[in-house]
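You will see chain A twice below: alongside chain B first, and alongside chain C after that.
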Partner chain A sequence: MKPPSAITSTMPSNPAKLKMIWLQGITCNGNTHSFLNDPALETLLESSEFIHHPLLPCSMNLRQLVKKLPKSDILIFEGAYKADFERAGMRMEELLNTLASKAKHIIAMGSCASFGGIFKEADPEHISGILFDKEKESGPLKEMREKVITLSGCPAHPKWLSFVIEMMRLEKTIAVDEFRRPKELYAYLVHNGCLRNEYFEWKVDCDTFGTKEGCLFYDQGCQGPFTHGSCNKILWNEVSSKTRSGTPCVGCTEPTFPKRELFTTKTYMSIPAEMPLGVPKRSYLALAGAAKSFHIKRLEGKLIDDNA
Partner chain B sequence: MARLTKEERKVSIMTKALELFSKEGFYQTTMPSIAEKIGMSVGNLYNYFTSKEMLAKDLILYIANILGEEIRKINESPLSTKEKVEAIVHMYFKIAQERPETIEYFLRVYLSNREVFQNCCEGMICVSAFVTELMIFFEEGVRSGELKDQDFFSAFGLFMGYLGGMVFINGEKILPKPLESYEASISDNIYNALKSR
Partner chain C sequence: MITHELIERIEGEAVLDFKTDKSGHVQEASIRFLHFRGMEAILEGRNALDALVIAPRVCGICGHSHLIAAVRMLENLYASAGSAVKVTPKAHALREVTRVCELMQNHIKWLYLVMLHESGKLLGKEPQVALRALYASSQINQMSALFSGQWPHSSYAHPGGVTCDPTHIEVMQALKLLSDVERFIEKDVLGCKTENFEANMDVESLLLMEGDFGTLLRYFERLDLLDLGKSHGRFLVLGEDAHEITPNERSYAHIDFVSEDDSQTFAHGGKTYAKNALYRGKFYETGPLARAISTERSGVSALYQQYGDTALTRITARIDEVVSLIAYVRLLLTSLDFTESSFIPPVSIESISGKGVGVVEAPRGSLIHRATVEKGKIASYSIITPTQWNLGNGTYDSPGIAQKAMLGIESTAKASLIFRTFDVCSVCTTH
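The block that comes next holds the complex of A and B.
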């Protein structure tokens, strides 16, 4: 039994806080806003600190950041990349590449930083994500791909970010998919965990937004069956998701986002043009045809009778 | 005489049953009469099909699978949509001529005696193999740009209604000419009705 003083004397010093930089490209601030809604933000800030953040207290403002170009443990990039876009007078081409080369880890935060996203639509030739330009791995940080974690989403879920930061702090290996998205978060489809799965299964369709009942796929264009994401597993604000509130998934985590004709499902002769991910057409049509042959009374009624 | 497997025996029973059902009608045909025509005891027949209704269901599944498999081959062939229409019409009429009991059963027993199937063939369950292949034919036709995009059932009704109607009329011996002589004009009419503008 060691005496108490021995324990005290061998206690390691407090670990240094993770040093993070949050750099913004062309952005709507959606991911910043998402991050500020992380229930674990306070806890996160106990073990990390921002050298620079656009909103949170930090040790450098933007001009100081651009002047000093410091090292960091994690560089978080929000917004789309355009080489000649400037922050504090410095072109993004130089600013991002310099900070990235001095960072231990890099996070592409949100769909614009990941694949180009919404802002790419304004100038497809010159705007991209930091590693990917839609599906192509041709972004400015392609030489540093091993350091980049992609957190696509519009916005990305704050818990996805805090999960990744914690993994980096603990120096854990993060398994990633072909777009360098963490498999722990993106191996699922949004369809997994959707409360409307039974309606999808039995082809009971929703005729409008905002109801508790019905599938949003056929008539409302829900992209849940083809979209990687854990929105129905790790809920937003710990309570909900798009599909749970009666709004279709728009596929925002995928390189193809934004799609044209959102909120509609393209059909050929009433048959969906796109099959749920990995499902053969014949299998889907045989099952859908069979499901449509039955009428499940429980699923055709309201969950809460407004007249009760 | 080589001994038939159970499945082969089942198919031969179904073939004979089809002839009897389409010739004499569902209600006039009994399990004993089927057994007698096959040269099998009634008791043994019940080893293969537990009731006349179950036999009726298995028959429609059997026919749907035959038609579905034929259309699948056409779907997977490198024909244009127009040529596929011709191939489906030809296939359907050929079966109607060579195996009239199959289409006769579909039209005169399945479609006309739905009460027989109400506990086991809801909606399109028992004709799923056939309907699925037609869905794929239409979907691929629209996707290729050859067919007009429209409601599936409008197109389905037009196509199968036309073919079924012709076979029905042929079965009533009203047609002045052989069924196959109508193939070209029917294919043309169907394609012209469905093609994109």
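The block that comes next holds the complex of A and C.
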């Protein structure tokens, strides 16, 4: 059956592919490998192509990229920024700024590119993200802020990236939060969709790792209740998440990453020092007291009890 | 003549400085890694358990190996402080599943994104994006994530076991993925059943193989590189099944003989950020070939007896490792006993002071994490990565492993390809 003529006449038979450049700053390559896990890679590459990518076949190698400094539809930047960090002999200051000014859109891929991340810890004064330096909007691309989308996460989820690329390709507006993170991805908390939510609600803690029961927020340092991210909605590698495997969320999507003492919950008079997002301490205390007074047998025993 | 080649499409970049004679043959080669990130300093002063989050970030492709090295370091620390930690066979097996998953996905990416691409380029045929291979590697990472929560960068291994508490449903999913991956290996990589591959590991049969691995060997043959790339013939495995193997001797290896040499670094007027890793003061090759000889895997050992540590043997060892690991993962998955605990809590890390060392066989070879901890805080942290072993810079008289393998090769382009047979990781090395 032929498609309606109205559609065929407005759709170019062979639309130009979106041209993308993947540039690396100070990085572990974790976002590159995270991206390669995207099962939708084939579909993505039907409508877009890389002028440069550190691992995938592409039209320009690093030397050619630095020599030509080409225009692109999307510049994806992975890793932390430092002005004098070099790629193929060119300082990042010049390389990033030139490529960014010639790009239609820019994506800060991962927490290093977003806020400085782990590598900022080595040289806090000189290392930052491309738009943000921790919470401060003082990075090298601050003049181009409207072009920048932040995809924080260590690493960022491949689907988060393909979502943003697709939105850009379709020229759709991406609603963003204060750190220019897409709301469709970061309005959720890691806590949303966590399989242990019921234990959180009834204030049942998890005594130890390696069990299905209990909430990791009270003792094990889980940052899920105040970390923006859709890890428990858009699952990792299609199947799981940190909290689903019993590992506390380490808050890797936030500008504060990496905090210290990551597997301990800081408490103040035995109350978690950091509250679930938007919950006033006083209300929390009242609620926690009430919730704890319930002794729900089901939540105090094993989830799967062989002897029951 | 002196030439400088920027080597890309490794993990990060490196520069090779070649000295060639009039005909272009390589007389000397030195290796520069130009970046440095200071991971060890980032770890210092932190709670020792934070290493389980920070250390994996050394590397995006073998971060899980860094996690396992860090957790072994912590367990060794507990033991040396007199508070030995118990890990159940189940928790150990789960760590093994996820550890070797990382090896398998790495080797597949190396074959398709690096080797077929770079050797094809020299012969005028650049392959397209290897989508099927990337899909298979994503399935392997999915297998790992069923237990570890995510790949890359999970922190699910802790002193005392693992944080997850899986059921047989995850095992079923993992076995299904493993079968899919095995089909990919047989159909695309080997072009035959794994049994046939393992039973016919002679050069004539290998060169006739229909899969992409056969294509790679044929590319190397056309480039006249198949029987080149020989190095010192000294091998080291420090993680699982620790052995040192030299042309004359085979014995158990011990970490006490490991040292780092910074004479070639910028700190001492050299030209790289990477330190050399040495065993008994000498360069040793680590990685899949060392492991194959150490565990006496029959096919690769026979190839080694006949052809030595050539490109042929080195490439085959990496592919053969994937095949042998499929069987190993299946065995691990089918023998899990879910009645055992996932985690046995150790005493608080804050009560622990002392030294710890953790060694693991990572995709590219032996990875070592050492730390000194005072009352649960990291006082010092030191990492030696596999690429430091294989790509160290020696002197003219005593070249490093990859340096020696490149000597005498007829062009710098071909020497660069030999360099890649070691599966270079710049990001690990410049930690």
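Methods note: the second predicted complex is superposed on the first by the 294 of 308 C-alpha atoms of A that agree within 3 Å, B and C clash if a C-alpha of one lies under 4 Å from a C-alpha of the other, contacts with A are read in each partner's own complex, and residues count from 1 in each chain.
Here is the rule we use: a contact is a pair of C-beta atoms (placed from the backbone, for glycine too) under 8 Å apart; a residue touches a chain by one contact, two chains touch by 3 or more.
Keep in mind that this is a model prediction, so the values were computed, not measured.
Undergrad: Please indicate which partner A:246 is in contact with in the superposed arrangement: first for chain B, second for chain C, both, or neither.
TA: second
Undergrad: With both complexes superposed on chain A, which partner does A:211 reach: first (chain B), second (chain C), both or neither?
TA: second
Undergrad: Return first, second, both or neither, reflecting whether A:43 touches chain B, chain C, both chains, or no partner chain.
TA: Neither partner.
Undergrad: Residues of chain A touched: more by chain B or chain C?
TA: Counted on chain A, the partner with more touching residues turns out to be C.
Undergrad: Between chain B (first) and chain C (second), which does A:59 come into contact with in this model arrangement: first, second, both, or neither?
TA: In the superposition, A:59 contacts neither chain B nor chain C.
Undergrad: Could you pull out which chain C residues touch chain A in their complex?
TA: Answer in residue numbers: 6, 8-9, 11-13, 34-35, 37-39, 41-42, 46-47, 49-50, 52-54, 57-61, 63, 91, 109, 113, 117, 126-129, 131, 134-135, 137-138, 141-142, 144-156, 158, 160-165, 167, 173, 341-343, 345, 427.
Undergrad: Residues of chain A touching chain C in their complex?
TA: 24, 26-34, 36-39, 41-42, 45, 54-57, 61-63, 85-88, 118-119, 121-123, 154-155, 208-212, 231, 236-247, 250, 252, 258, 260-264, 304
Undergrad: Could you pull out which chain B residues touch chain A in their complex?
TA: Residue list for chain B touching chain A: 122-125, 128-129, 131-132, 135-136, 138-143, 147, 149-153, 155.
Undergrad: Any idea which chain A residues touch chain B in the complex?
TA: 267-271, 273, 281-282, 285-286, 289-290, 292-294
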